[in-house]
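See the structures that follow.
First chain A sits with chain B, and in the next complex the same chain sits with chain C.
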Partner chain A sequence: MDKWPSSNRYSLKAALMINYNPVIPSLCLPFLDLLIEIMSIKEKWLSAWCIKPVGGALVRQEPEYILLALMGSPLKKIMLCSSEKEIFNVEEQVMVQHSVIINNMIEDGSYNHEESKIPLDCVDSKTLKKVIDYCTHHTHHQNDNQEDLEAWDAQFLNVDSNGLYDLLMAANYLEIRNLLDLIYGTIKNMIKGKKIDEIRRIFNIKDHGFTSEEEEQNRKEYPHFY
Partner chain B sequence: MDTDIISSLPNSLLCHILSFLPTIDAVGTSFLSCRWRHLWKDLQAFDFDTQRIGNNERFVSFVDTVLSQRRFSDIRKLRLICGAHLDSGNAVGRWVRAALGPCLQEMDLLLYGDVSSNYVDEIFTCASLVSLTLVANLVLNNISSVHLPLLKNLSLGPDVPVDLNLISACPALEYLYFIFDASFYPNIHLLSPSLKRLRLIEARERDFDDPIITEIQIDAPNLEYLRIYLEESCVRTLVISDFPNMMEASIDIAPKAEHVDWVPKLLQALSKTKKLALGGFTTQCLVKAPNLHFPEFRYLRQLRICFRSFNSGVLIKLLCCCPKLQVLKIDNNGVQYFGDQTPRTEPSSWTQPASVPNCVRSHLNILEFRRYPDSLEEREFLAYILQNALVLKTFIIYTNIGSFEKEKEHILNEISVLPRGSSICQVEEFTYGKWRL
Partner chain C sequence: MTTKTVTNHKAMLSLCILSILLLLLMPLTTIANNKIRISSKLRLPEKLSITDHLPQELVSNILSRLPAKELWRCKFVCKSWFHLINDPNFVTNYYVVYNNSNHNHSHLLLIQRPSLSSNKTFISVLSCNNATGSVSSQTLNLPCEYNSDHKYWTEIMGPCNGIYFLEGNPNMMMNPSLGQFKALPESHFTTPIGTNSLSDYAGFGFDSKANDYKVVVIKDLWNRETDQRRLWCWTAELFSLNSNSWRKLDAPLPSPIEISASSRVYTYENNCCHWLGYVEDEFGKRKDVVLSFDMVNEAFRKINVPRVCKSSIASFATLVPFEESASIGVVVRGKEKRYDVWMMKDYWDEESWVKLYSVGHVEVISRLVGFYKSNQLLWKGNDERLVMYERDSQQVKDLHVYVKNDSLRAARYMETLVSLQRGH
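And then the complex of A and B:
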């Protein structure tokens, strides 16, 4: 969130003129562009002032709210297209926050908001919907308790191994770091502290490929693993 | 029917997942199937804990075998939880030295027993380290030189007699967890412009008289999280910088006369915090302070305050200084009355405040009262809050674990008839059991 695309400057002027007692007198409007360059906007300011946009309109919350306008409309949406050609509308802010790939695409300007959709040929609709669900929840609930977030994550990953694999591939492709780490953690927990027979069952390893003598010897020499 | 999904994942990904496991589990996967047989050998992160193996001799042989069979000589992470002296050869030193190198990013050593530090010096000059934990009993006086330009996380254990200029020698340090035995540290000076999280915990290893710390100095203007826990030592002076970025602070200090002087200064430095937790003894120091003057906690949203002896006056005074408070959690850790014992009958020191604190009227959402003893002062305070908290959503009350059902019912009945200013307030009752920290 360090770069502010030029389209956002107009939002600030609009905000000042439409809604609101400007902090800066209207005579200074020409200098606004300069002001935006000088002010160093830090992400933490927004969370400190708990700014919540209502509907699509710019609603006055507190005098400090001027910064909301600088962020541009948080409800700007982008279109993601799954491998099954289904279109999903998502808040730009949500995907940009989580997916490195989508963030890069939007930042370098190759995405045109009016027309283009982002094609995700490796991700099917069911998985894409889940991924969007994850990103949306984590953006909207980022100030929640750690325990509540973890409980939601555990529930979210309560899927079969096919689903888990698809999520892993999607998260990897879109480079969603925290979802990847979450899935790695889940797979790790399927192994940690478990006996070989149980892990084989969980991962559905039918044919271990050892000769029966090898397998027997392993079991004899290292019984505590089994 | 589920297919074997794991097989379609590339080896590098499986190995990455293995690196999060204790090494003994990672090595155990070699029995899963042919494909897994040699995967663990690509590991560059190791986590060895004697607890899983028990016997020192077998532990040494296990670690030696694993390290000798690894494919890559560079080790990125080494964690060792074991005795400092496992055998006659310097096993721990051998393993630490094998790990030290330009790729080592994380080292965690939790060693029991005395360590003569012939390898410790080398650890403190391993320039690639990002994360270091050293909980050990070092018999050396000082670490001679420190060069840790990339170090972000540092945890130091109770008997590490390190000159605290070490902290200033780590320019990128963001997280410091310092467990110290106060008898070793007559002064604590922490200067770090990069520090974001600090935990300063006193641990009493030896049974000396209450130690005295002449001065604690914390100069870390970027601090976001602070936890101070002083069990018994007496700190004469505190020099503290302002913390404009503070998000969460938790303070537990011993009730000494000297502390009464500087606790207000500490609160002033923490005035920008969003969450604050004050331990029972800390509050006691506040109560004893003459002319107590709280700073304005302009951004405070959550307050957790523990009382040894409930003092509504101090609490109201504090609430007046927290204009945006949303969550208030009170814990009454004083003398409790059980069963048929009569509650305190001394006159309550509750006085009606001149005006309703702003946060109570317009911001307070959640009120929690632990170990509610149902005596006069607490009841009057509660009645006042419930009546004036116009936006209160949830009120949670924890009764004592020793209370009988009758008593709990009595308390709940009393509370449910108290007039409530907020129409959406829900009351929940629990029996006080475990702390949820």
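And then the complex of A and C:
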């Protein structure tokens, strides 16, 4: 039981049923379908026993994958291809749990595990690596307490502003809700409470676009803003 | 010969060195003018400004998460933000996005007249943490003295796109999230000769066609000599924010109608504001009606109400809005702390009143003092406290505010960028 990956929390009953059934001598991938037939585990049985992982919502529940996961087999991996044509291998479940786009791609069957890779032309390698890092950490540590997660998030976002904007655009493209909210919150806090000159400095707005008369007028009208 | 060649060589050498030096120096002289360009070639990519790097949609999403006062300041950071924040589409979108995004807190606008002897009124914003139940409030500093002198202590009119209207001395329109308070000018209209007016009923709303916020006031008429009320007679005036002036309304009220003086909750749907009232049929029997005023067409309309209560619903019923259905309803407070909620399924069909549900005995509620959302009503409780009662979960939230002697009204507080400064 200890060797089960912590990212898969499924009903104990199903696990016991499978683990202690003497019919299964060992894990044999090609015979898995046959195994399922022998044990007469209908799809609806397992989905009735298996609950969704905490914090996620997008994990597939086909019995093959559940059995695989429970028996500690290597998890299904998918390939993501950055704009610089660099390939990243990542657990399918990790990306499916966080990214709506990737989840949709896999669910409607357009993705073939053995051959194809998912091309992400909008995301460069450095950013993609960061995104994968975020998703993997949040899947594996989803039951950690709130403070630890927040501390990790704060340290994760400790990048320069270009990196932050790239992360935001990648999260927007991949539709990763919690990363988006996190970055929006961070940038919002960078603006909140600051005076205009400081905001311009932080966000590197060198040319504000107002004419000198307009700028002077604004400064006169609202001196406490600056 | 040799000296000549030597000097020639020397000259050529020095020429070469000079030309090389010149070539090297040339870019240096231009560096002063084009510092940035050169450094971007030699060093790491320059930090882009946020507006260059991110698409407009993402910048808009970021800005929609800031409170209104911060956004007012952000307008002056750069021209593109100025245009974005002033864009009416952004303002409308912001009103929806910002107010629906904060699920941790409930915000209320309160108006209190705590002392019996004076009209001194306090307006404050209350924040209640939904999880912990802790409450904090902040009294608003008004630029002018405002006192509510209304006899019947009716309601906070608003939020209408986040703008509120309060009857009183002076009549005031305000956007508390931007800190804008506008005292309405006095109306100089007089009642017809031989009459004067004692009571008035106000309505407030938004004219979407003219992009205007309007206040309508209906005044009753009394005969000056006989000191008798002219029943069923009214005069009406309209204030428009865009023109900053009052004008007399010729639109007649539909049939003889009386307006109930009971406490109200701001009911504004389909560009109309509403009052509860009654008419008398030929036998002198009272029939309850709803009077509505359409802000766009500036016309009155009467809506019949079915018999929802044994006696006249005037003292026990409050009109409430149903935003999701774009319709209105009535909360009838019955005996033993029960209340019924009726609604018009189809706003334009008088026959479509249905009883939505009844809420059985709720110990803490006593009198309806405000409206938060369709399923969350604000009540004055037994022990003179303000509570929020949510029907679905039957949860009662104590807001730690004392409501002695019916001295408080409350409404939902909404953050908005709509400015009362027209032409800004």
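The definition used in the following text is that the second predicted complex is superposed on the first by the 153 of 226 C-alpha atoms of A that agree within 3 Å, B and C clash if a C-alpha of one lies under 4 Å from a C-alpha of the other, contacts with A are read in each partner's own complex, and residues count from 1 in each chain.
We take it that a residue touches a chain if its C-beta (ideal position, glycine included) is under 8 Å from a C-beta of that chain, and two chains touch if they have at least 3 such contacts.
In this text the structure is predicted, and so the values were computed from the model without any measurement.
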Tell me the contact category for A:D160 with respect to chain B and chain C: first, second, both or neither. both
Look at A:I191 in the shared chain and tell me whether it touches chain B only, chain C only, both, or neither; answer first, second, both or neither. both
After superposition on the shared chain, which partner residues are touched by A:F210: those of chain B (first), chain C (second), both, or neither? both
Which superposed partner A:F225 touches (first chain B, second chain C, both, neither): both
Chain B and chain C footprints on chain A meet at residues 160-162, 165, 168, 184-185, 187-188, 191-193, 196, 199-200, 203-210, 218, 222, 225-226
What part of chain A is in contact with chain C in the complex they form? 160-162, 165, 168-169, 172, 184-185, 187-188, 191-193, 195-196, 199-200, 203-210, 218, 222, 225-226
Inside the complex, what are the residues of chain B that reach chain A? 2-9, 16-18, 20-22, 25, 28-29, 31-35, 245, 274, 299
Which chain A residues qualify as touching chain B in the complex? 44, 48, 160-162, 164-165, 168, 184-185, 187-188, 191-193, 196, 199-200, 203-210, 218, 222, 225-226
Per the touch rule, the chain C residues reaching chain A in their complex are 45, 47-51, 53-55, 58, 61-62, 65-67, 70, 73-74, 76-80, 82
